[in-house]
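So, here's a batch of structures to check.
Presented sequentially are two complexes of chain A, the first with chain B as partner and the second with chain C.
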Partner chain A sequence: MMLPPEVFIDALIYSNLLSLLAIGLTLTYLTLKVPNFAYGDLATIGIYVAFTFNEFYSLHPYLIPPFAFITAGLVSLASYILVFRPLWKRKSNIVTLMIASIAVEIALRSMIHIYASALGLRRRVSLARFDEPVNIAGLELPSVLLATTLTTITLVCSLYLFLNKTKFGTAMRAAIENPYLASTLGINVEQVYAVSWFLAGGLAGVAGLFLPFRISATPETGWELLLKIFAASVLGGLNSIFGAILGGYITGFAEVVGIYLLSRPPLNLSTAYRPAIPFALFIIVLLVMPRGITGTDWRRLKKILRGGEG
Partner chain B sequence: MEFICAFLTFYSIYLILSISLNIEYGYTGIPNFGKVMFFGAGAFTVGALTSRLLAPLVGIDLSNTNFKIENIKIAESISKTYLMQRPIESLAVFLGMLALGAIIGGIIGWLASYPAIRLREDYLGMTLVVAGELIRLIAYNYDPLICGTFGVHVPNVFGFIKSPEWTFDVVGLGTVKNPLVVLGDTVSDIIKAGVMFTIALSVWFLAQRLMNSPFGRLLRAVRDNEVAAEALGKDVAKTRMIALVIGSAMAGLAGSMYAFYTLTVHATDFTPIRTFVVWVMVVLGGAGNNVGAAVGTLIYLVIERGIAMVKQYFPMLPFDINYLSYIIMGALLVLILMYKSEGLIPEKPPKYTEE
Partner chain C sequence: MALLEVRNLQAGYGKLQVLFDVSLSLNKGEIHCVVGPNGSGKSTLLKAIFGLANIYEGKVLLNGRDITRLKPHEKARMGMAYLPQLDNVFSRLTVRENLLLAGYTLDHTQYRERLEEVLDFLPQVRAMMNRKVLTLSGGERQMVAMAMAILRKPDIIMLDEPTAALAPKIARNILNKIVELRDRFKIGVLLVEQNAKVALEISDNAVLLVAGKEVYKGPASDLLSNKELAKMYLGVR
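Entry: the complex of A and B
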């Protein structure tokens, strides 16, 4: 059976954004080893930054990514400095950090609700009107497809270069790999973690910015996305950027293509059950390969490599 | 008076919830971030079944009615033509459905114990949060359960208290009309709140007895040192499962009480905010002791009501004041975690008798 091109395009746009979000969640998970429940709300901040700049400064949404990146990044950084770092320094256990992250989540979501009400926003946020078709080599493509793909590639490449080719990036990887060893070598682990949280927030902000192109967003949108971000990151193994990208695309395609197939005959399911797909994926991953794609493969690969060398 | 009764009822419901989380997290160390799922299970049970089970008694044939649209009429007609005249049957329905809600909650707890025993805390947290959201989503979209977007109405099992139609025979006096009817709404409210509070108190005493029993010490042993508990021949996995089933049955009970109190069950009511609220209560009061849970619940509800009262002085506020209260609660919770992580009333070593 052939998939209509719209479904494919939709899946690609969605997967681009989901990959960015999964990378960000993985980045924060790598530092404090806590699943950040507030992560989805950073994407919601991106949505409202996009709305604000577009409505009040008439800025075209495609020019807003830097602002969304910085705003959501700063919020993420603030949550790290004000909440997570003090708790981490007090040697709080993981459950405490998780409770704190739920507290941050509820507070952030409430603030966004208050912000939306204060703007008098009764309606949902939509930027669909900016999604003009672009003609490339005889193909009519929605501009948001190109924008998200380019943004994702740019961000992933810059992140890769930053982590692998700069001194700070190397320090960051070292601090994530082994914070104690890194700190004895003079790396400021706290500073490195702070940068991680800022970058993670920034990625969520940019991904959030593009959400209102395809869905009409509310202050709850980011929270509703969290399940999918978890599914994508856990599938990726929660331990590598590469895994997160892979997890994002697999989850995104499984969700969009899956609900397209399920909502057609013979099943005719309501599309409202769409979140059940990433949830099912999440459960299957936990049951079958709890280390995720990269978690399982990397270890085998290392062993094979070691065996080959030694 | 109405305010006090409403407060007491909510206190009772939340007290049971915080005791249940305390058993799971405070005593056994299972971080249940899906409390709302078990609470919802009880409420959904009452919502989905009460009207449907009682409908044949008032001569309504469910097979040719659209339950989704007509459930409000069915619930009303059950309340008016059946339950109002029959206090004993009303109470039987009430207690029977509470028991059923607790059983369903317990069964879901048993299912949830599968991941709860096997997963690390972080993965378990994610699983339970997203599972709770998924159940809400299904309840919202799958009409045969609790009528989806419409919500379902629950027959009023306390209607008989102020019903003039309830009569009974007293030896020597003949047929006597309901004596409570002259006292009006207030007595009805007091009795309702009294029943709820009695149930909550019984749960509290039961939990207190249970946690000071050898079983309670076993739970703490599992929490504090799994390996040592196992070395002493204790079945850690089974212990955690039992704790989760007890906690979930309690949450199911609280959910059923909630449904009978509010008389409507709507999927949108069961958001993770409820889980968060119960966590605030337990952490605030002090995990690992039931007095702490009771105090934490009280403080939380007093603050919440206080904020709601302040609202009256700012009628022009452009946003829902609940959001402000969530922000304050979030900040409060983080401050407690930082500066007084053992809660207001820290856990004490269990009492034991010296021999």
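Entry: the complex of A and C
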């Protein structure tokens, strides 16, 4: 069965954004080993930065990514400096850090609600009117497809170059692997982690900015996305940025293509089941491959499967 | 003035005190070894000096300057190098990246010069530059760790059991390099070593710790010839 182009386009846009979000969540997890429940709200910040700059400064949304990156990055950095770093330095365990991240989430979401209310925003935020079709080689494509794909490629390549080709990026990988050893070499681990949190927030901000092109966003949007981001990140292995990218695309495509197939005959399921797909994927991954794609020993798995076949 | 001076150190982890009133003095171009039975606090002493364990009382002076409360990365920038017993290299990075990080505080020109010096001193490391540390043997890893420690030309290098779990021939090679390090670069070496006899043979001075307390402090050769102490605590016959 051929997939209609619009379903593929929808899946690609969504997966681009989910990948950026999964990379960011993985980055914060790699540093302090905290499942950051406040991460989705950083995407919501991106949404409202886009709305604010467009509404009050008449800036086209495609020019807003740097502002969304910086604003969400700074909020993420502030949460690291004010909440997570002090707890980490006191050697708080994962449960304490996780509960703290829930508290930060509630605080951030409440602040976004207050901000939206102060703006007099009773309706949902939508930037769909800017999604004009672009003609490329006779193909009419939505501009947001090109914008999200180019942004994702640019950010992923920049992150790759930063982590692998710069001294600070190498120090970041080192501090993530072994903070204790990194500090013995004169690397300021806290500073390196602070940069990681800023980058992670920035990625969420940029991803968030593009969400109102396809959905009507509210202050709850980031929170509602959180489990999907976790699903993508866990599927990728939670310990690998490459895995997060892969996890983002698999989860995104599974959700969009999955609901398209389920809503057609013979099942004819309601599209209201769409959010259940990433959750089901999340549960299956935890049961079958608890270490995700990049953490799984594929050779061993292959041997087991062959043994089973034999 | 001593290069490193530890005065009446009381240290440990949280509420668990491990060291009780330990003092030592290390000079430039000298190997000072810390020996003692398992659990006597040898590794904790190095960690406390470097700022990785809690210091409750006492002082650590580097070239006369009080560095007791400084953070590890600040001590590293002041010319101290510490080589932990385990996980002393970044296994997911290449040897080249590990060395780059060892020279993190240096500018590019300084780094290039020092790297050449280190590769002259440890030529076997040159051949592994592009390999991931994951693929190296224990002895090769230890060589890389040592290269990382000396790349910054520290005034003092603290080695925590550098020969642990190595074959005798490779261990001997590492210890010879430590002696060469002292003689060639005039670095002060503070060495924790399980093989007390070999460590005492190459050291100038020694401190014997038992249950976190000093039992002996003085020339290494005197401790080696003190049959009672050597037999009781060091397994030397």
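One rule holds in what follows: the second predicted complex is superposed on the first by the 296 of 310 C-alpha atoms of A that agree within 3 Å, B and C clash if a C-alpha of one lies under 4 Å from a C-alpha of the other, contacts with A are read in each partner's own complex, and residues count from 1 in each chain.
What we mean here is this: a contact is a pair of C-beta atoms (placed from the backbone, for glycine too) under 8 Å apart; a residue touches a chain by one contact, two chains touch by 3 or more.
Quantities reported herein were computed from a predicted structural model and do not represent experimental measurements.
J.: Consider chain A as the common anchor and indicate whether chain B and chain C clash or fit when overlaid.
T.: fit
J.: After the superposition, just quote the angle formed at chain A by chain B and chain C, using C-alpha centres and rounding to the nearest 10°.
T.: 100
J.: Given the touch rule stated above, what does A:M111 touch, chain B (first), chain C (second), both, or neither?
T.: Once the two structures are laid over each other on A, A:M111 reaches chain B alone.
J.: Check the residue A:F282 against both partner chains and state whether it touches chain B (first), chain C (second), both, or neither.
T.: So A:F282 only meets chain B here.
J.: Which holds for A:L30: it touches chain B only (first), chain C only (second), both, or neither?
T.: After superposing on A, A:L30 lies clear of both chain B and chain C.
J.: On the A-aligned overlay, A:L227 touches which partner chain: chain B = first, chain C = second, or both, or neither?
T.: first
J.: Going by the contact rule set out at the top, does A:N178 touch chain B (first), chain C (second), both, or neither?
T.: Once the two structures are laid over each other on A, A:N178 reaches chain C alone.
J.: Using the touch definition from the top, say if A:T96 reaches chain B (first), chain C (second), both or neither.
T.: The answer is first: A:T96 touches chain B but not chain C.
J.: Does chain C touch more residues of chain A than chain B does, or is it the other way round?
T.: B
J.: Minimum Cα separation, chain B versus chain C, post-superposition (Å)?
T.: Taking the overlay as described at the top, chain B lies 17 Å from chain C at its nearest C-alpha.
J.: Please identify the positions on chain A that touch both chain B and chain C, taking each partner from its own complex.
T.: none
J.: What residues of chain C sit close enough to touch chain A in their complex?
T.: Going by the criterion above, the answer is residues 50, 52, 71-73, 76-77, 81-82, 84, 87-93, 97, 100-102, 104-105, 148, 152.
J.: Would you pull the chain A residues touching chain B in the complex into a rising list?
T.: The contact residues of chain A facing chain B are 33-35, 37, 83, 86-87, 90, 92, 94-96, 98-100, 102-104, 106-107, 109-111, 113-114, 117-118, 120, 224, 226-227, 230-231, 234, 270, 272-273, 275-276, 279, 282-283, 286, 290.
J.: Help me check something: in the complex, which residues belonging to chain A touch chain C?
T.: 167, 170-171, 173-174, 177-178, 180-189
J.: Considering the complex alone, what residue numbers of chain B touch chain A?
T.: Result: residues 25, 31, 33, 115, 119, 121-123, 125-127, 129-131, 133-134, 137-138, 140-141, 272-273, 275-276, 279-280, 283, 318-320, 322-324, 326-327, 329-331, 333-334, 337-338, 341 of chain B touch chain A.
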